[in-house]
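Right, I'll just put the structure down here and ask away after.
Per-chain numbering from 1; labels A, B, C and D assigned in written order.
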Amino acid sequence: MARLRGTGIAAVNYPTGMNLGGDPSQALIHATTSGSFVVSLSATDLGQGLRTVIGQIAAETLGVEFGEIVIDTADTDTGPHDMGTFASRATHRVGNAVIAAALEARRALLDVASEELEAAVDDLEIDGHGNLMVKGAPSRSVRVADIAALAQFKYGRTISGRGSYMKAKSPVDPETGAMDPDSTEAHACTVAEVEVDTETGEVTVLSIKSAYEVGRQVNPALVAGQIAGGAWMGMSHALYETTAPYYPAPDHSPRDFSEYLMPGTLEMPEIESVVLEMPSSNGPYGVKGIGEMTANSPIPAIVNAIYHATGVRIDDLPVTPEKILRGLEARQPGPA
Amino acid sequence: MTVRTYLLPRSLPEALGLLAHHGPDLLVMAGGTVAMPLINEGISLPEAVMGLRLAGLDRIVRTGDVLHIGATATLTQLLDQDAVPMLREAARNTASWAIRNMGTVGGNLFTPPPGGDVAVALLALDARVTLASTSGQRSLPLDGFLTGFMSNELAADELLVEIEVPVRSEPTAYLKLGRRHANTPAVVTVAARLEWGDGRVADARIALGAVGPHPIRAREAERRLVGTGLDAEAIAAASDAAAEECEPFTDGIATDWYRRRMVRLFVGRALEQLTPGATGEGR
Amino acid sequence: MSADLNVVGQSVARSDGIGHVTGRTQFFGDRTFPGMLHLKMVRSPLHHARIRGVDLSKAERVSGFVRALTWKDVPHNLYTILGLIGVEPEEEYVLAEDRVRFRGEAIIAIVAETEAAAHEAVSKVRLDLEELPAVFDVEEALLPGAPIVTSWGNNTFMYEGHPCRRVRLGDVDAAFERADHIVEGVYNTSPIEQAPLETTGCIAVPEANGRFTVYTNTQALYFSLDNTAIILQVPGNRLHFVGGTVGGGFGGKVDVIVEPIATLAAMLTNRPVRFAYSRSEEMQVSSTRSAWRIYIKDGISRDGHILARKVTSYADSGAYSRQTPYALTKHAANAAGPYAIPNVSIDAYCVFTNRQPASAMRGFGVTMASFALEVQMDRIAERVGLDPWTIRFINAYHDGDIKPHRKLAEDATLIETMQAAAALVGRELPDDLRAMTSAPRGAGHDGGRD
Amino acid sequence: MASTIVTFELGGREVEVMVRPMTTLQAVLRNQLGFTATKDGCRQGGCGSCTVLVDGEPMLSCLLPVEDVAGRRVTTLESITPAEGLHPVQRAFLDANALQCGYCTPGMVMVSTALLDHQPAPTGDDIRQALTGNICRCTGYRPIVTAVHDAAAAMRANAGEQAR
């Protein structure tokens, strides 16, 4: 029995946003009497942590603690329009809309503070922890919460903001394909190491090591979660998953999780990653978006590693043990 | 048909009486791991179901050289017994923890391929099954009870109540190849047991799963081993014979082509484990 | 720059974490309503058939049966998801009229008091179907005489008069003539299920004020609302969609298939109606990631530069468009990879077959292009005798490079990303590769390109 | 189709439900009792999201007619969640980010809790074997296995303190 090892690499780019644009996301923000800020959206959280990162972006822009942000989503009676959570667009699009709304709300807050503190708006700052002060005069500091209450009960004002972000719709030239198909591009490079059992054709993925360039990580722990989950899904696509095991034949399509194959806890490779941050010009705080791309580079990296290990090139996904065995037998005629 | 009657007998006589009363349309269910998914999805629409979970058929008792396994003993209970190591190995390689807590040894005999991993071991162990009806009991070898795809010798008025397994000391080998390392349908399952005499193989059992309409014995492979010293040549001959005589099928897990090759490989690997002096290293 | 930020860049605890670990997070299906009905579909058992007749008489006699919905009950019996993003034509029926084009296509919706009663009634609907020839392979579907899946006479989506999405830059044929090596590959991928752990579903609830509240796990709340309003031909203000917590999406919940028919059933019965895919429906009926066949032909210079790349891609859209025509445009925009290639020709076909429809999945149009391209890059490296790292570095795009779709590259960081990956795995890169950056090309950076 | 009354113990108290024949424990918990932490990912026994403990052992509530658990002790995620704070397994899942969409989480926590009840010091292989019936589509499993390790360590440390 031979166990052959190999490594493979792959480098990819991934575009952020619905490719041809015209996909708005909107946000509304208002302050409560206690100085919390409610961010109203209709974007959905698929588990990637949208509520959390949008809360961080709102807190950052307003200058208040993360805990003061309430994310209210998704309800079409209260949340303004959003195109949806797909195309790695949510953090980029919703984040930009929230920044715009937060800046408007912040300005309304500063207008009230300006009157209350008898200082010019340009001379005011918010410290990121809910304190609003006159620049250079820390003694003239008030809580954002106090200004929010005064706005309502003394000045009769709303502290609110509206934000929208939309990349203008881009046409496609039907002859040349000239178009503007992205907002920004994130990048990944994966190195996979595999071991192949030449008697069974089974592949063990030993490690998936990747570098990702994502513009800006709003929440590194959540980015790490996307990377680990994406690497697993890429491995799963490369070696296991199909709804038509003998495509294009439609037979034997799976009905359940024992027939629809995915790797489990006993197939977990070592996963290691490094994240680069080279901020994009148009993402919120430089964000590019990482949701989708993490599954992409592991697939060709694993397939290339199998070739490196065995000399057998499999160009059909998923790379099943049978395909490898047939490849090996074709190289060395005669029964194994 | 929406289930209109769910019977939960508390004893074997009660169960047999209910079966006799309701007749062949009564769906008999033990652990529910096969029947319930079909009922939940509306694929199976029985009007009346009898559950055996409370019928008192779940004991595992050793009497002398025989292990008596109640038909509704769970796969987890098999893991907990130590009289027959191969059955532990088979249970360990079947499904997941929660399914093993529910799925039964008897139910495993009725599980269509590629399921039935425990039945493969039972076949290699010369297990017998006890069938009961209101008119009495009978015992027959498991090899012979299974007659085809989802078909067997059980009469319409009978229940499988017990599986008897001879307790023996000779080493056995049990190997399962799936597409995953656990909780996975079989590409092939191999259970092998050899009896030795005077340094020669005196008798052989090789049972195969997922390469036939039900768990099957590789009789030609068994014949080729008898009288040999289990040298490389004998192992190769037996492996080739098993690959030749099995009846592999194609499903979403593997093709017949791949299954046949894996029969050859895994019969060989199992027999190598049984070579005197082998360390028993396997999958 | 991070030093200026307070909370962006911090790993703050997820705001929904406590809800998830305690099970208090409320998913759509965690709600029950008094009098809630259950909807199950009668689906085609055949891949392609003409519907000659439907007999509901036995189903209607099932205890607990409430009503059946046929296409005649649906005010605008066409899904509108493509129309909502400006792509025509709308062609997928909410409930099949005279023909079914894939196994599992919805024909009749059964609404019943319990799920078991709905299952029983579904089993008693008698379909009179005339089986038609079916096609399952993307290239066979384009051959003369192939069974026609669509209503417009051929099996491709038409892009402004073209049977494929085209991208053209430079002159690939002339560059192939000049190339020292021609490297070709054909790449195939299977359809893949998104397999979110929570299946797609919704509950539509009639309210006292004449509106309908729809609790749904859609990935796109307004997409679902707008689609439902058009299909039901009601003003959008009669609909109130509530969502936001989704048990996994991966693109599988962008199709907005369940809400319109559940809401219609609620309207016609004036009772809450739940419609959720079973796991086997999720696998066998709901949209998949499309299967792909991708042909790549590259012209390479002796020193390993890609002079020309011709890509012909076929995506298997299954029986209907859903989002796949849009995916082909995204695919075409990315099908040359993150490389600077002066001559590119891309033809990306959205092909219809008698298969369960494909639609969106994580990496929409790009994932399988990346697979094909990156295996192709290794083929090229082997042919010209370079290692897999070098071939990628010397062809990597830089800011300011023209891409095949003629937008100039910005935010290019492939080179830096590869350098970081090499460092991560301890791969010693030669000095010239280590010195590279993605900055716009200056003297000495565009070595020998034509 | 006569309904029957079934009594069982749920989270330390006796509950009594009236059910149609062969209603699953999953349906009873979710639809009749409002115990919706027990999830509903496949109803085929394939995903583990509906895992509950019956007399301390993990079982799949989607495959279990509620009549079969009459008189037995059923434990769901609601039952192990303390009135204040979190169970150590819940805390570890939270801290290790062992979740994304949250749909598999209740089943994962239940199996992990059962494992640590049986084996306070599981090996990595014990943990991975115990979780093979629970599917997660988001995390790639690694953070979940880490969380169970962390929970085991925390529970042992806690037990040690209490012993002192």
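To be clear about the criterion, contacts are C-beta pairs under 8 Å (C-beta built on N, C-alpha and C of every residue); 3 or more make two chains touch, one makes a residue touch a chain.
Since the structure is predicted, the reported quantities are computational estimates derived from the model, not experimental observations.
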Using C-alpha centroids, which chain lies at the maximum separation from subunit B?
A
With centres defined from CA atoms, tell me which chain sits nearest the overall protein centre.
C
Chain pair, C-D or A-D, that carries the greater number of C-beta contacts:
C-D
Nearest whole angstrom, what separates the Cα centre of subunit C from the Cα centre of subunit D?
34
Return the distance between the CA-based centres of subunit B and subunit D, expressed in whole Å.
29
So how far apart, in whole Å, are subunit A and subunit C when each is placed at the average of its C-alpha atoms?
18
Listed in rising order, subunit A residues that touch 2 or more other chains are 46-47, 49, 221-222, 233, 245, 253-258, 262, 264-266
Residues within subunit B bordering two or more other chains:
2-3, 37, 40-41, 180, 182-183
In subunit C, which residues are in touch with two or more of the other chains?
13-14, 16, 114, 116, 195, 245-250, 278-280
Among line, ring, star, complete and other, the chain touch graph is complete
In their shared complex, at which residues does subunit B touch subunit C?
1-3, 40-42, 45
Can you list the residues on subunit A that touch subunit B in the complex?
199-200, 240, 245-246, 252-254, 256, 258-259, 261, 263-267, 321-322, 325, 336
Residue ranges of subunit D touching subunit A (in the complex, touch as defined):
42, 44, 46-47, 97, 99-103, 127-129, 131-132, 135, 137-145
Which residues of subunit C touch subunit B once you look at their complex with the stated criterion?
40, 63-64, 114-120, 122-123, 278-280
Subunit A contact footprint on subunit C (complex, rising order):
1-2, 5-16, 47, 85-86, 103, 136-138, 140, 159-162, 165-169, 185-193, 195, 218-223, 225, 239-251, 254, 279-280, 283-284, 288, 291, 316, 326, 329-330, 332-334, 337-338, 346, 353-356, 360, 362-364, 366-368, 370-375, 377-379, 388-389, 392, 396, 404-407, 409-414, 416-421, 423-425, 427
